[in-house]
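To start, I am sharing the structure in question, which I have written as structure tokens.
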Amino acid sequence: MILLWYILIPAVAAPLAWLAGRRSEVAARWIAVAGTAAPLALVAGQWIAAAGTLGETFAASGPGAAGLVAGSWIADLKTAWIESLGISFFLAADGLTLIMLLLTFALGLLAVLCSWRGITQRVGVFHLMVLWTVAGLAGVFLALDLFLFYFFFEMMLIPMYFLIAVWGHERRIYSAIKFFIFTQVSGLLMLVAIIALVFIHGRETGVYTFDFTQLLGTPMAASTAFLLMLGFFAAFAVKLPAWPLHTWLPDAHTDAPTAGSVLLAGVLIKIGAYGMLRFMVPLFPGAVAEFRTWALVLGVVGVIYGAVLAYAQSDMKRLVAYTSVSHMGFVLIGVFAWNELALQGVILQLVCHALSTGALFILVGGLQDRIHTRDLGKMGGLWQVAPRMGGTAMFFAMASLGLPGLGNFVAEFLILAGVWQVSEWAAVLGAVGLVFATVYALWMMQRAFQGEETHGLRFADLTKIETGIFASMIAALVLLGFWPQPLITTARQTVDGLQRMTAQSALAQPADPGEAAAAAAETETAGGDEGGAP
Amino acid sequence: MTILFYIAAAVAVLATLLVVTRRNLVHALLYLVVSLFAVAVVFYTLGAPFVAALEVIVYAGAIMMLFVFAVMLLNLQAASPPRVPWTAWVGPAVLVGVLLAEVIYALTIETQPLAGAEVGATAVSEALYGPYVLAVELASMLLLAALVAATHVAARAREDQTAASVERGRAVLHGQGTASEPGVIVEEGDA
Amino acid sequence: MLSLLWLIPALPAAGFVLLVLLNRRLGRAGAAWIGAGSVGLSMLAALLVCGSFIVSPPAGDACRQVLWTWMDVAGFTPAIGFYLDAVSVVWVLVITVVGFLIHLYSTEHMEHDEGFTRFFTYLNLFVFSMLVLVLADNLLLLYLGWEGVGLCSYLLIAFWQKDPQNVYSGRKAFIVTRVGDTALIAGLFLLLTQLGTLEIQPLLRAAEQTWAPDSTVAVVAALLILGGAVGKSAQVPLQTWLPDAMAGPSPVSALIHAATMVTAGVYLIARTTPLFELAGDARLAVALVGIVTLLIAGFSALVQHDLKRALAYSTISQIGYMILALGVSGWEAGVFHFGTHAFFKALLFLGAGVVIEALAGEHDIFKMGGLARKLPAVFVTFTVGAAALAALPFVTNGFYSKDLVISTTLGTADGNVWLYVGSILGAFVTTLYSFRLVWVVFFGEAHTEVTRRPRWRQTMPLWVLAVFSIITGFLWLPAWIGAFHPLEDFLDTALPPIEWTGRYAHFAESAGAAFVIILIVYGGIFLSYLLWVPWRRGTHAFAASPVVRPLAAFWLGGWGFDWLYERVFVRPVKWFAHWARHDLVDYVVDGIAWVNLAGWRTLSAGQTGRLRSYVAVAGFGVVLVLAVVVLR
Amino acid sequence: MASVSLEHALILAAILFAIGFAGLLTRRNLIVVLACIEIMLNAAGLAFVAAGARWGQADGQVMFLFVLAMAGAEVAVGLAIAIRFRQSLKGLDVDDADRMRG
């Protein structure tokens, strides 16, 4: 039942914020804070409560639909919705969903906080849109019924469009429309694939249903499976964004308000990766195995292309947007590597990327509010003007180039280690992408914060709210860098489940590093000894 | 009889050519009347005396008169149309030539003699009020609609003219004439 | 006492955190106390722990301390744990001792700099990362330290960030080392996939058991590790960043770019000796890299005008010696040379710092001169350092370590005559450029006035380092002098001892080889005296002659590597980035939109509004239809 | 009567139609345009009558009657428009009325 609350609270808070906004802006902001903080607390509570069960390995045995017994979810809610079409209102949560919900509400809260002073006109409607997006996102992560998933997938598109189109910057209309067309068209491709899948399943088993757990393992010809997979891949590749379909992201980010950018970079992008993990690969493992080489190529090109282009940008926000393209390239190759190392890396990357890129966007937004420009050419030497902001920017630049000791490095290391087992060249090129990441991160730091202060800019350093936001994100990233285990244990159950679902197909790994490690472990216990703990 | 057909045909073609090429409007209309008479003779040679008569009465008599009235009403003498270079004819002539060639080529595949029997007014009226009675009613409704439309459009034209001239008159009185009429009273006549 | 091991890296980390949090509220004194204090305490802890390790070595001559499991994914369970054995004891002692002295020196050297607190923050972070690097018990944690020191070197090179040139040098350093790190991380992936774990000791044992000697996977893994070492230790081909790294303050150059960070590569190769023992070709590659680097850097140092750049090239050259020693499996010789080099190179850089500060930031050595009387303390200590660098026989530690390295190039199984000749030539050139600095900087007539006198906090470290530069040599006397080599026995517990099994092993160990080096060194000193004191004008004329000038310029620019990399790597990327800055794919997307617009524009042009054209088009349609009907 | 073949009549109708059509394309005066339309309608009527004569049936002539009626209606409305045209566009040039331009 609690799952429903996750969607309802922001959904209800949205109109309230709008109504309150008409009278006093502060009321609207506080309602928005409540609308995101309450579910955040709920999720955190559920996560801690579920910590026990998440620990032990996955109980269910056997692949395919059988593997996914009802008991394996932490919580699920299934009621009939449109009986005639076999559509059910099926929400379910497991380790991965909890992490993504935590991320959604946390970033929703941050988005509201960081626009406390930035957004002044039409505050009520703004918060309506933000909360509506958060509700849509929560729905996407919880939905297990393909139709319901598609419903939320499209629902959260509209508020994001308005967020960009109304409160955006210079070319907001162009960017908003471009964003909308890209996502809408690819979404429709996915819808076609879903419906085709349902009919194939219906013809095979006589049961017409959109329920994911039953659609799993539908027998179909390899070529149709490949086509359906491409349909899903199109939608998620645009959302991800994968290399050729990424051009909407820089525009959408450059012209979105700070809150919009945080939500967009923080969570909207993650739907692409989440969709691939949850739906695309388990539904069509054979097709994914066939498509793997191409996806690896796209991912690696995305990594390097995104990094080089980030270096070429003169608009700071556009630069950060291209870094997301580069980081999501890692996620793409991680998903298609499909072994436990890579998948844990992908899930960790989703969280860390949201934090580091979200922080960079808040920073750039704050900078824009102060000096009313995003053009790196007009900045320079801002470290003398705002040392705290400079230090924070340095930290998050280091996070985005994957400095060890921060969460991003652990994620990227796991991804590349997992990808190495599938194809060496992809891992090496991914590692080369890290070099380009260093180039753009340091280039951004030099042009914005280091060097001589020539433009006579004088502005206040970070405010209380901003310092609080950044401090929490810095703490989270360092914690994930040195102790990512809680996240890994939470996601282990999901990753095991996903591996089991695709155990039969060509995707499964012949030799898991686990076995090799076990062999090495014997030799180790024989030799070295354990030093005393402090 | 066939000689009469070919003479009338030649006259019709020549008259029609002149209709289309005359500069002066009234001459064109009169040549059109000649062409209609020639066609009426052709009808007669084809054994359709009733239709020939009709052609003369309705077509030449009524419709052409409408044309002439219109020309008189619009008082076109004043605005003679600008000289159109003959080269303007080249495009349409080519298109029409090709069209004519195709039709003639299609028709000359094999010739079929006419029945030769004359179809008088009685046969036509029997057919008219036999199977085609519904069509006749429709035709009458069509004419009624045209009547209403024509009067409505023409009437509106009349009102506007008067309203426009009244308007201009008031402007002149208050001295805010438009650029082309700087407040001087313009005598009526064609606007 | 060994359980305090975790305290050694923890103290600088605590210092760093304190400095970051209390940044504004701390005055200069507070920052100095916390900054230098934390490293000082870490030194004490290190002395205690290492002392007890040396006095009563634990079981298995190593102790491992696990703080917590870093991550546990699919059987891959790296831990945040520290591993102390003979090799890491040497490194820890050097880092903490030299580090503390340099911190003390910086409290005065950086006194007038407004970024005082920020300097100590970065310095503490550096010491923490370096200690984590040398104490890490698994390669992933080592990589964390590895990148951490890379970051700190960037931050500290670009410390005076007002000048874009410094920031460029910092960026260059970080990116070039990052290229090397890519090779290292690829090596990590290979090892993880093949051997299942990254914990160093089990990994090495598993490698010895599962990999056949000279098998391709062993060679590839070793080469990848060499790639990482080459990047971080500024060896050919990735050495271009070190000379530019001199843009940072002198204590930074002393600590990072002389004593500790640049030797990380040497530590990595020393730490993974079993891997290199499995891969003969890789060892050859290491030796080649070493010999080539030491010669190139040596000759470049000979022509430098900038005092610190000359010392930077000399550092590259000396590390070339260490890598050469590792290449001919003289592991302990490399470690010993690292130990001695750290002291005298740090001394030289600190001395240079004082000299530059005294002459109000003058870097060009030919504008210095006659400082012997004005800065006596610096003169004496600098000369001791230069002597150690030149390996002045019997008195300096450099002699003992370099003599050992040169003899291993001949004595061990992998050694060969060419490596020996090359290292002898390198030794000669080293002597030339080290004493060139002494003669030019401290003798001849003074060109610039001395404005600032160093006080005790700068001179005391110089004296201490000078003393160390002398006594540390006696830890490993060569066989023909005496049997006193405690360092060798201590290192034998962790590293395989040097086997003198090469063809000329007997000669290499004998006094004969040492005599050759003594001859070379004295000859070099005397020649450099001649060239740069009596015949200085002649030397300058010779250097300016049309034949020699292009060669000198070529050497000055670091043998054209910078020129080459600029054209081969930097420009294409910059060109592509500029060319594709509006995102090529965007052109495709906008192209689709443009096609629609173009279609609309052409079609709407057809709507002329004139009735006659529509009728004409209709007529044309009829003609076409008729044509089809008629002609078919 | 008998020797006039259907084709000759139809060819005549085609010629008249063609001339009318050419005039329609070229002439710019609205009245002449209407006249040309009349010519084309008349030609069509001729074709109907010729066809009717071919089979000796009355249908041809009945169709001519309808063509006639339609022509009359068409002219009436056409001329009314012509008056309106003249009044609002100050001339009868067909090309002036191109406000429907794309």
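All chains are identified by letter, namely A, B, C and D, in their written order; residue positions are counted from 1 within each chain.
Basically, contacts are C-beta pairs under 8 Å (C-beta built on N, C-alpha and C of every residue); 3 or more make two chains touch, one makes a residue touch a chain.
None of these values were measured; they are calculated from a predicted model.
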Geometric centre: closest chain by C-alpha means = A
Roughly how many whole angstrom separate the Cα centroids of chain A and chain C?
-> 38
Distance in whole angstrom between the CA centres of chain B and chain C is 101
Chain A-chain D separation of Cα centroids, rounded to whole Å | 72
With chain centres defined as C-alpha means, what is the inter-centre distance between chain B and chain D in Å?
-> 7
Give the residues of chain C that touch two or more other chains, as numbers and ranges in rising order.
-> 616, 619
Among all residues of chain A, those touching at least two other chains are none
Within chain D, the set of residues that touch 2 or more other chains is 21, 25-26, 28
Mind listing each pair of touching chains for me?
-> A-C, B-C, B-D, C-D
List of chain C residues in touch with chain D within their complex = 603-612, 615-616, 619
Partner chain A, residues of chain C touching it in the complex | 2-3, 5-6, 20, 59-60, 62-77, 80-81, 140, 143-144, 146-148, 151, 154-155, 158, 161-164, 167-168, 170-171, 174-175, 178-179, 181-182, 185-186, 188-190, 192-197, 199, 201-203, 205-206, 209, 573, 576-578, 580-581, 583, 585-586, 589
Considering the complex alone, what residue numbers of chain B touch chain D?
-> 1-2, 5-6, 9, 12-13, 16-17, 19-20, 25, 28-29, 32, 35-36, 39, 42-43, 45-48, 50-51, 54-55, 58-59, 62-63, 66-67, 69-71, 73-74, 76, 79, 81, 84, 88-89, 91-93, 95-97, 99-100, 103-104, 107-108, 111-119, 123-124, 126-128, 132, 135, 139-140, 142-143, 145-147, 149-154, 156-157, 160-161, 191
Which part of chain D faces chain B closely enough to touch in the complex?
-> 1-12, 14-16, 18-23, 25-29, 31-32, 34-36, 38-39, 42, 45-46, 49-50, 52-62, 64-66, 68-77, 79-84, 86-88, 90-93
Chain C partner contacts - residues on chain B that touch it in the complex = 91-92, 95-96, 98-99, 102-103, 105-106
